[in-house]
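As structure tokens, here come the structures.
Shared between the two complexes below is subunit A, which pairs with subunit B and subunit C, respectively.
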Partner chain A sequence: MMKTDVLVIGGGAAGAMAATTAARSGFDTTLVRQGYGATALSTGAVDLSEVAEWLRGIVTNAEMIHPTVDTVVADFLGLMAEANYAYVGSQDKDLILINAMGTVKSTHLVPETMAAGDLESIEGARLLFVGVQGYPDFDATYLSKSLRFLSDCGLVRTCFETASLEIEFPRVVHTANLSSFELAQLMDDEEVVLEMAKCVQEKADLNQYTHLALPPILGRDNSARALAILQDQTALCCFEVLSLPPSVPGFRMQRALDRAMKHRDVRIIHASVESFSESKGGIRSVRVVEKETEYVLDPGVVILASGKFIGGGIQRTDRLREPIFDLPVFVDSDCAPDAEMGTLLAERFVSEQRIFKAGLQVDERFHPVSPDGQVIYSNLLAAGAVLAGYDYSLGQGGLGVSMVSGHLCAQVALDQLGGKGVFV
Partner chain B sequence: MTESQKNGLDGFRERYGPDNIIEYTPEESHLLHKFEWCINCGLCLAECVVLRNLVTNAMQYAGPRSIGTSLSRSTPDFWATSDTIYLCTMCGACEAICPAQVPIPEIVAMIRSKIPRQKDDLVPMAHRGLVHNLQESGNIYGQQIEPFAAVQRNPEYVLFVGCVGSYLERESVEHTLQLLERLGVNFTTIDELCCGGPTQVAGVPMVDSLAQHNLTAILSTGTSKVITPCPRCWATLSQHPAYAGKLEVQHVTQFLAGFDWKAMTDRVVTYHDPCELGRYRGEYDTVRATLRQVAPHFVEMPNSRETSVCCGAGGGLRGVQTRLSVQIARSRLEEAMKTGAEILVTECYSCLHNFYNARRSTDNIELYNLSEFLNVLMKENTLAD
Partner chain C sequence: MPSAEYEVIVIGGGITGAGIARDCAMRGFKTLLLEKKDFSAGTTGTCMGMLHGGVRYMATEPEVTKLSCIESGIVQRLAPHLIFRIPWIMPLLAGSRANLQAFLPAITHYDEWGKFKNSKPHVVLSAEEARTLEPSLSPDIEGAITIDEPGVDVFRLVIANVISAAEHGAEIRNHTRVTGILRDGNQVYGVQTQDTLTGEVGEYHAAYVVNAAGPWTPQVAALAGVPFKLCPTKGIHIIFDRRITSTAVSGAGASLLPHENTSICGLTDTFFFLDPDEVRSNREEVEHLLSSMEKAIPSIRQARIIRTMAGVRPLLDQPGTDERQLTRHYKVYDHEELDEVRGFLTIAGGKMVIYRIMAEDLTNLLCRKLGREDSCRTKEDPLPGGEEQANPTALAEEFGLPLYTVARVVSRHGARARRVLERCREEPQSKSHVCVCEPVTEAEIRYAITHEWARTLDDVRRRTRLGMGPCQGCHCTKIAAGVLVDERGEPAKRGHQEVLDFLQERWKGREPVLTGAQLRQEELLRACYLGVGGYHNPALERVSQ
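Our next item is the complex of A and B:
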């Protein structure tokens, strides 16, 4: 049996924030995950606007909400800087970013590669959208047109001009169905970035523009370097546009979180949780299996951060279930174990779908509770998308909720473990 | 006219007539259902080492996502076009990060196993010769291989070296033999043939005579305990139905776990996880525990353990596309050198050999299998005493 103070199940934004927070306080921390989930598939931009409202539904002390979010933001920015993937932003300023569908989105924390694209701060800018031949997920001509429309109609507050061009990407031999990851990995090579800058310069008179708007392909591992070279070569502000999944910035963020966890000595095990045992109202042991290697963990506190439908934390079959501990699943505040799926789904695709709010109900210390409000396991906490009451598909704050709840769970865990660290 | 060129209605009838209906075993049907877990998210494209190295290349590769979503339910003509399915290294990096845990290497193995039965002429040359070589010579190279001389009567263990070590990395094998002798292990080598494992990678039928020969040779020594340094041999001898649980097989890194090493190096050492030890079997910690004992300056590469990167030799790629295979090894070797490591340790002859293929004479890095490295260290320490 392997003793660990804090066992985190799930390695996305919620799990990573919980694990790094616990590990920093000197607690022996183990994180079990199986594959990547919704964090790696996200745009990489962190929304915070609905976090406070969501948190008011859980914690009683409303005054601590704003400072808590500030702490988490500072923590996250620190982690990302440590992992060499710098983020910028705060909860107090909305950033308005363009996405690859030709619409805009407000958000709060973004990687440095996206920062210059904040439409609120580029009044009078002249944007050149740069597409890549054979890369279908970024149509520069369409984006240019659609953004100019938004600007002309006053649908965004700032006025700007747009233009577009398409380049043949350096070194690419076949130009059909390129994926963003193929291009991003090429751009980890500085020579390729230089060649790309040259392609752009040859195709347009860059003096006419102030900004280059690029697909999010500025390197898988080395994006800061690629950004710096491009800006240096073109003498323009460059930024990446948000994209649909799979998005390189989301993947970069996941990898940076992984690096941050490794820096803080979080033990990461890629395995599935097969079973657990309980005693005295708590989780006693958790058995996880990775291929032929089995670990039996003896955790002080367990933080469940297993995600929702993509991560597999909540599964939908004929009913909704939480597969690891078989905890009761709620929709809104109703327990919904036998809920008719039809009642959870609306007929119109873009309307509110109740099913996205499904998840675990927790008390104010993030313990999952039963329908009568009783704590289920004294040392089990839950964070992130596995929680009920938040619609990540329409809402503004999926990653934000995950980070804040992950952080708070770690705080509760530390409190429960008595602040002593290493095998209390 | 080759199989794949038969056109028209006759060709169609011949190909899809009652005799040619694709049959799936219950296990294969079960696998097919697993492919349907794919949510088409495309994260696998970020981890695929082949895709990464092919974008600047005239070859095309559909990538792991297509293997799950479309190749698994299309016809043989499509499977083998442009060598697609044969470019996969079966390293499992995609599966490790897959949100739906789609077992892509298993899918590749299954698809490959269908091709020879239906359209033999679409099998790449490198794999086509395999069965012939195995039947004629008993090893994958179709060459005479000199057996190792460490033969003991009444041994406690049989050391099963495997083809790649016996043919391509003999110096490394000699060190492993010396190490076991040094440790006083009562072991023997045998007159071995290929374990048959490569047939699974190539998708060709198992050559049963190999397993029969090896089983007889091993069991006639009076023991059923086997140690092997080759991860593929380890998997085959312990898991393939042809050996059906008759042997007690340990990978050499597991065997070496219990020893107290009286040797040490001050140099910086890093470790490359062979896919078939790590991602295939979950063996990560045993080797590291041993290495940390002898190398206090042990460092990890940025991509290690579950997110380790294939050496480029996996899935038979070295035979099918040598240049690509070496290009992949080169990028991994550069990753190792960037950590400041002076020594790269692994424990798989195939990985080791591919790193030698990719190493340049000016590179300041030494390459070893773990058992070889330990022997070299102990030798140095003895000399120092």
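Our next item is the complex of A and C:
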């Protein structure tokens, strides 16, 4: 049996924040995960817009909400800086970013490579969208057209002009079916970045523009360097546009979180949880299996951050279930694991679909509870998308809720373990 | 307001209307084909794609079965590229071995007509033999009979007929709703229309107006002021993410067919007297299909269902008949005889496989009425693409595309695959796969837009299978929207409108079956289009309308 103070299940944004927070306070921390989930598929932008509102539904002390979010933001920015993937932003300023669908998204924390794209702060800009021939995920002409349309309709501030061009990307073998990751891998090479800058210069008179809007392909690991070279070569502000999965920035963020966990000595085990035992109302041991190797962990506190359907934290075949601890699943605040799917779905695609608010209900210290409000296991906490009550695709605070709840779970864990937790 | 003179106006762009338009145009009639939504967007597009005789009808209407077998052989000759074989296992389910002897005479009889449709005769298999062929079969089966059926890409069969009609001079208009039928006393002389995408209204005059609107025929007849009744029944199918079995398999009242990269399970047959525009699958029907199918394939419930489709059969009115016993005969109605309204014909009933002879019959009547003697050539002249065989391997090499991609283009376009791929020469980026599940290249999408009347993403889907795979448009919707507005020279607004419409259209088919693994895909799809794209933002929706 392997003793650990804090066992985190799931390695996305919620799990990584929980693990790093716990580890920083000196607790022995182990993180078990099966693989990459929704965080690695995300745009990499962290939205905090409805986090405070969501927290109010869980935490009764409203005065601590704003400072808590600030703490988490500072912590996250610090982690990312340590991991050499700098993020910028705060909860008090909405950033309005263009995405690869030609619409805009409001968000808060973004990697430095996206920062210059905030439409709120580019008064009088002249944007040049740069597409890559044979890379269908980023349609520069359409994006340029669409942004002008949105601005004509008053959906975004009318403070810029747009244009577009397509370059032949240096050193690609194929002329079609290019993927973000393929291009990003090439851009890890500084020579390629220089050649790409040259391609852009040859195609357009850059004096006419103030900004280059690029697909998110500025390298898998060394995006800051690629950005600096491009800005230096073109003398323009450059930024990456938000993209759909598979998204290089989401992957970068996940990898940076992984590096941050390693810096803080979090033990990461790539395995799935097979079973657990309980005693005296708590989780006593957790058995995890990685190929042929089996670990039995003896955790002080378990933080469940296993995600929703993408991560597999919540599943539904004939009923809704949480597969690891068989915890009761709620939809909004009703415990309704047997609810007919028909009652959880609406006719219009764009309206709320209640199934996506399914998850665990927790008390104000993030313990999953039963339908009558009783804590199920005294040392089990839950964070992130496995929680009920919010649909991140509509509410926008996906990664924000995950990070804040992950952080708070760690604080509760520290309290329970008799450490220097700050949770009130 | 466009106004023109035609000899024949055909209302309805399903297989029946498309077949009629082709026959009329080939016989030299100045023809206009009108479709309120898109070709094969109604009943035809929700059928199983079987080009069979139908063992099911042997007992009650063997003449329909025989005719279907004969017509199947003809269609196979006209468009060989659209045809695929469906070897079929009909297991003798637990306790039904005794039925074998009762069943064999009908099957043997069916075999005799197999020569018309190029099918092999049946084989009786032991349970072990059947399970060797198809390991997912239930251990409880007591043997099996095989039959051999042809299948067809029904979307392409319709569009091939439409293309042929146009090449013989017909004018083609989809998304054009008939809003009124013009009558001067008892003489029908034309129609009023509205383009549902642009709002543009039109008026067209013709000697004859043909109502081939399938389940909508009563609504169209009402516009002409004549009563018309059908006995419509609803059928649903559920669609799985992959080819679960290598052959088709019958269950207890349902069948599972491998189809393209998916499997289809159907069918149901229940009365449906509501508006055909409102037809939807429901969870009870899905459950009925699954419980019927699991008697043959017990693991069917573990398979991943991606969506359903539902359609309405325009069956002939037969008051008092049980819904499973309704005739598959077709009938051409001359409203001059029925209602003393001249210049107006209606066609109803039938099956997809006999569309050609239905069209021939109706066109023969038109010839008699218009005093023309042109003979029907739809039996002989190949459909577009069926002229000769294309060589996918050579094309793949020539255009530098993967063979699996080109093989699909050839299966949809036959001899015309080269025309589709030609664009890759000058625009190599159009080799990119926009839809990765199927796969569909940008070149084929652009071809559908420029040559095949695709005006919306859903039209593109029907031409190419865009968005029909397991990801259900997650990857391709926004890329294809960009291609559509670019090729059509439309404003960005149309792109957003198309994204919203396509997402909604696909959702309609997923909603009744969403669960299990597909929920993961759905979470991702919502994260993309709502979480990132913000398409649920009412302001965006408003400006896109």
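FYI, the second predicted complex is superposed on the first by the 418 of 424 C-alpha atoms of A that agree within 3 Å, B and C clash if a C-alpha of one lies under 4 Å from a C-alpha of the other, contacts with A are read in each partner's own complex, and residues count from 1 in each chain.
Here, a contact is a pair of C-beta atoms (placed from the backbone, for glycine too) under 8 Å apart; a residue touches a chain by one contact, two chains touch by 3 or more.
Owing to the predicted nature of the structure, the values given are computational and were not obtained by experimental measurement.
Room for both subunit B and subunit C is found when the two structures are superposed via subunit A, with no clash between them. Touch criterion met: A:310 reaches subunit B and subunit C at once. The superposition places the C-alpha centres of subunit B and subunit C at an angle of 80 degrees about the C-alpha centre of subunit A, rounded in steps of 10.
By the touch criterion defined above, A:398 reaches subunit C but does not reach subunit B. Using the contact criterion defined above for the overlaid structures, shared-chain residue A:245 touches subunit B and also reaches subunit C. In the superposed model, A:270 lies in contact with subunit B only, and not with subunit C.
With both structures placed on the common chain, the touch criterion links A:292 to subunit B but leaves subunit C unconnected. Of the two partner chains, subunit C is the only one touched by A:102; subunit B is not. Contacts of A:41 after superposition on the shared chain: both subunit B and subunit C are touched. The larger set of touched subunit A residues comes from C, when the choice is between subunit B and subunit C.
Residue contacts after overlaying the shared chain place A:349 against subunit C, while subunit B stays out of touching range.
Once both complexes are placed on a shared chain A, the shortest Cα to Cα gap between subunit B and subunit C comes to 6 Å.
Shared contact residues on subunit A (touching subunit B in one structure, subunit C in the other): 38, 41, 178, 245, 310, 312.
Residues of subunit A touching subunit B in their complex: 34-38, 40-41, 171-174, 178-179, 181-186, 220-221, 245-246, 248, 251, 258-259, 262, 268, 270-272, 289-293, 310-312.
Here subunit B touches subunit A in the complex through residues 39, 41-43, 45-46, 51-52, 55-58, 60, 63, 95-101, 279-284, 300, 302, 305-307, going by the rule given at the top. Partner subunit C is touched in their complex by these residues of subunit A: 38, 41-43, 99-105, 133-137, 139, 141-142, 145-146, 148-150, 153, 155, 175-178, 242, 244-245, 308-310, 312, 315-318, 340-342, 345, 347-351, 353, 355-356, 391-394, 396, 398.
Listed in rising order, the residues of subunit C touching subunit A in the complex are 283, 424, 428-434, 442, 475, 478-479, 481-483, 485-486, 491-493, 495-496, 499-500, 503-504, 506-508, 511-512, 514-516, 519-520, 522-524, 526-536, 539-541, 543.
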